[in-house]
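As structure tokens, here come the structures.
Both complexes below contain subunit A, partnered by subunit B and then by subunit C.
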Partner chain A sequence: MNESAYALETRNISAWYGKDQVLFNVSAQIPEKKVTAVMGPSGCGKTTFVRTLNGLHQTNPQARATGTILLHGVDTSTLDIVDVRKRMGMVFQRPNPFPTMTVYENVLAGYYLTGCHLSRQKGDEIVETTLKKVGLWDEAQNKLFKAGTSLSGGQQQRLCIARAIAMEPEVILFDEPTSALDPKATAVIEELLSNLKTEYTILFVTHGLQQAARISDFVGFFMLGELVELGETKRIFVTPQDKRTEDYLSGKYG
Partner chain B sequence: MSFRKLKNATMGMLVAATALLIIAILVIILWHIFISGAKYLNWDFFTRAPASVGESGGGVVNAIIGTFLITVVAAAIGTPFGMLAGIYVSENRGKRFADIVRLCADALQGVPSIVIGIFGYTFIVARFRSYSAIAASISLAFMFVPTTARVTEEVLNLVPSSLKEAAYALGARPSSVIWNVSIKTAAAGITSGLLTSMARIAGETAPLLFTAFGSRYIEWNMSRPMAALPLQIFIYAGSPYPSLQQQAWSAAFVLVLLILLLQFSARRLISRILRIHT
Partner chain C sequence: MERLSADSRREKVREAAYKTATTVAAVALVATIALFLVQLATASHASWRAFGLRFLWTTEWNPVTEQFGALPMIVGTLVTGFGALAISTPFALGIAIFLADYASKRVTEPFKYLISLLGGLPSVIFGLWGLIVLVPRIGRLEVWFGTLVHSEALVQAGTTGVGLLSSVVLLALMILPFSSSLILESLLLVPTELKEGSLALGATRWDTIQSIELPFVRKSTVGALVLALGRALGETMAVTMVIGNGMRMPRTLFDPANTLASAIANQFLEATSPLYVSALTELALILFVIAIVINIGARVILRRGVQQR
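Entry: the complex of A and B
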């Protein structure tokens, strides 16, 4: 049976690019409405891991993946990939608002692109509530009908978060969302997470140890395509159980 | 002066001289056409069909209408094929069939226009036993499709994959990603490509010789022979009457102006798309 007490659970996920295996039997449990950080040195497979969850990894014709992903206990391979992606939002490394769309349209992009018709009133409502949730309403309410790309980098990234949560997902995947931002914009997004986790399950890829420590309730450590350890952040940072985690935390892999 | 510096200076001058030469050639051609053509331009030139043989005056409005109709219809026929082929090749990068399509487009681009004209003559004019503007449009469409396909492909390849991934991650299906993200982001570039392709076929003469054939009258019916500016230039320039030769220059002036206008609009659009991407 596929019973699972977690918002998201993976069983034996392996992934390949061409002939190179980049993930090895990753089994992870992601608790509901918590921030789970995914950390590890560059090239350890953490980004590939989150990209297999919403099937983005497999959009590359060279790439494939095996294993089971349970979203609230349901095997995602039995669901339409479109539904899976609607239920799992994603925020990328670099802010990528659609350059042809206004701020307003960017927030509703998920509805436009999946052919969902919204009434004007409903649209206005979603735009306002989501922009408030990401703390962009005050800054952007006068720029709603300007291009999404006219905002600053940090604002663009929050617009992308708004675009993801406008679809009312259960899980939000963050793939190093602050790596292209300055410290101030990074801080704004980190603060946001504590609000967002009251409503959403968050998976947050980062290569910064400090960032993982600051923001997460749980943390998973990846190395060479393996999930070495996953547990409560405090526990992992204070008493790591695997030698490799300990070495990483003491700065041996950088 | 050291040898290295001398070499540098010589090469610098050579490069500058070549650049200057290109500009000079363009300026000389445009200047000559302007001088020879502009002074015979008058209202009649744009509003009246050619005068009867031996009479002076008259205009080339029939050819202006013809060039407009033939080019627009050719673009209308060629655009869907060219764009769809371009989309296909761009979306299937690296696949064998896509590579073959791209190769064929390149080969078709290299076919001399006179050959395209003979093709139009054999398969359309000869079959329907009549010269016609539509035969010209179809022949020009054969030249329009490969350029459009290549431009569409290249512009689509410029669309950042991060945008497509963002769309996929929101649950968009591939068809929605292509139409709502790729094409819309590349719209300015694709339009610019269409204009450039139109500019290219508007000036073609050879295919028209075998298909549109030319006409002395204002013609709107695409199934009949029709005048066009390049044809008119060809016929007038070869005629023994000085007044017709003058009109050939004027027609050349109008044609060049038209093509430069198309190219210029294309440039403007290209600079817009470059702004989006950087």
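Entry: the complex of A and C
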């Protein structure tokens, strides 16, 4: 057991796609039950960073990663990757509800997929409470047995959040979850975060400065595969310590 | 102003000419198929008059007494077709899943090429290979099995090796490229987002294949299998070479038999009497109808599979 006061901590994470190194010794501390935004210009490695955390990056045969990831102080390489993923939910850029499943089945997809049997009653209970948590219950309770893909884009994305929290993870990774949504649906999801962080540690990749400022308690700034700076959002935005952060905040790079 | 209107008039004439030409081509295709059906029906008229619907379920096929019944061939066609499908489907799924989800691109690409190569091989080559390599081995297997169960009839049927079983195995191999490449193509269309969404929930790769990918391609897979079945039912050359031209109703899988297609190929040149020719033509008509029904069925299933997305 390594000592770590954080929900999630990385030590010297480096990652490659083929021969290209895309992350360089990223050491980050993600505090528990807070929203930590990960921002930076496109191609800076922020998405790769969250994808190494649950091992999705490494599912690509050309990709690899090194370094240590501590989940509540436990080195994840000593755990089964399946367990790591159950404890670390993920929400993707584009809503990806499973098209062959109903709304109801999508919420419970994690249980179905991992061969976990739920009683009818327990299943109903989880569906109702998680859909309520993501504010989808009122809109979707009459559509529970319709295809998950029949919902609107914003609703689909909330369904995907429901699917992640139904597994009761400790951490939820959001990979630019609002980039495919309209402003209204984006606002709904941003509001949701303040509720979710009372129960979960949230890591939220965004390439929008304003979004990072609006939603996060902490923010990490990535550039060219390096974590330049990580700290309290207010502090980073008001008194950045690194010249590169300052330049980014003043709009010098996209 | 004058010029412009002249141009547009010429444009209109050309447009009309193109439209007519393409319409004629399209109509000609439909007309050919219709004509085909009509001519097959006309040419088999004598057989129709002599045997009526009885042709479909009587089993005697005797050119000397001019008694003709198609049931042995219909049975032979369905047994070899569905038998081949049953054997090749698990392999087709296995190949497609391996190439789509487990193999690296370096393996998948040459494999795809190899599969299409196998699919494009002339069937007479399959037939020759079947006759030289497959049939003697199947024959030994049949004799061994007959001896094992103490059945003189099976041993006798198996001695030559030609027959239903050899045809089933050969056909299974021949349709494998079609079903596996069609299934592979649809598996490759499963969006990465869905696979990653599943993995991110803690599903293993096999969980993901089973619960996300296969349901996603279910309809197109059924369509692919029906298309493969269509090919198996109509395959002529290779089957003709290994099925043994048996005209009696097959009792076991080891018996020599005939399919609709192989009966025509085997006997058309020897058919001397008009009624004999007419009966063979009626076999063709039956095969034609079966093939059309299967193909339309496959297309309907495939289209529905696409629409659902």
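The rule we apply is simple: the second predicted complex is superposed on the first by the 253 of 254 C-alpha atoms of A that agree within 3 Å, B and C clash if a C-alpha of one lies under 4 Å from a C-alpha of the other, contacts with A are read in each partner's own complex, and residues count from 1 in each chain.
What we mean here is this: contacts are C-beta pairs under 8 Å (C-beta built on N, C-alpha and C of every residue); 3 or more make two chains touch, one makes a residue touch a chain.
Keep in mind that this is a model prediction, so the values were computed, not measured.
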| item | value |
| --- | --- |
| Subunit C versus subunit B on the shared subunit A, clash or fit after superposition | clash |
| First, second, both or neither for A:197, with subunit B first and subunit C second | neither |
| First (subunit B), second (subunit C), both or neither touched by A:112 | both |
| Partner chain(s) touched by A:96 [first = subunit B, second = subunit C, both, neither] | both |
| Partner chain(s) touched by A:46 [first = subunit B, second = subunit C, both, neither] | neither |
| First, second, both or neither for A:133, with subunit B first and subunit C second | neither |
| Doubly contacted residues of subunit A, that is, touched by subunit B and again by subunit C | 54, 56, 59, 61, 82-83, 85-86, 89-90, 92, 94, 96, 98-100, 109-110, 112-115, 160, 163-164, 167 |
| In the complex, subunit B residues that touch subunit A | 94, 160, 162-163, 165-173, 176-177, 180-181, 184-185, 187, 276-277 |
| Interface residues, subunit A side, partner subunit C - complex | 54, 56, 59, 61, 82-83, 85-86, 89-90, 92, 94, 96, 98-100, 109-110, 112-115, 160, 163-164, 167 |
| Subunit A residues touching subunit B - in the complex, by the definition given at the top | 54, 56, 59, 61, 82-83, 85-86, 89-90, 92, 94, 96, 98-100, 109-110, 112-115, 149, 160, 163-164, 167 |
| Subunit A-facing residues of subunit C, complex | 104, 191, 193-194, 196-204, 207-208, 211-212, 215-216, 218, 308-309 |
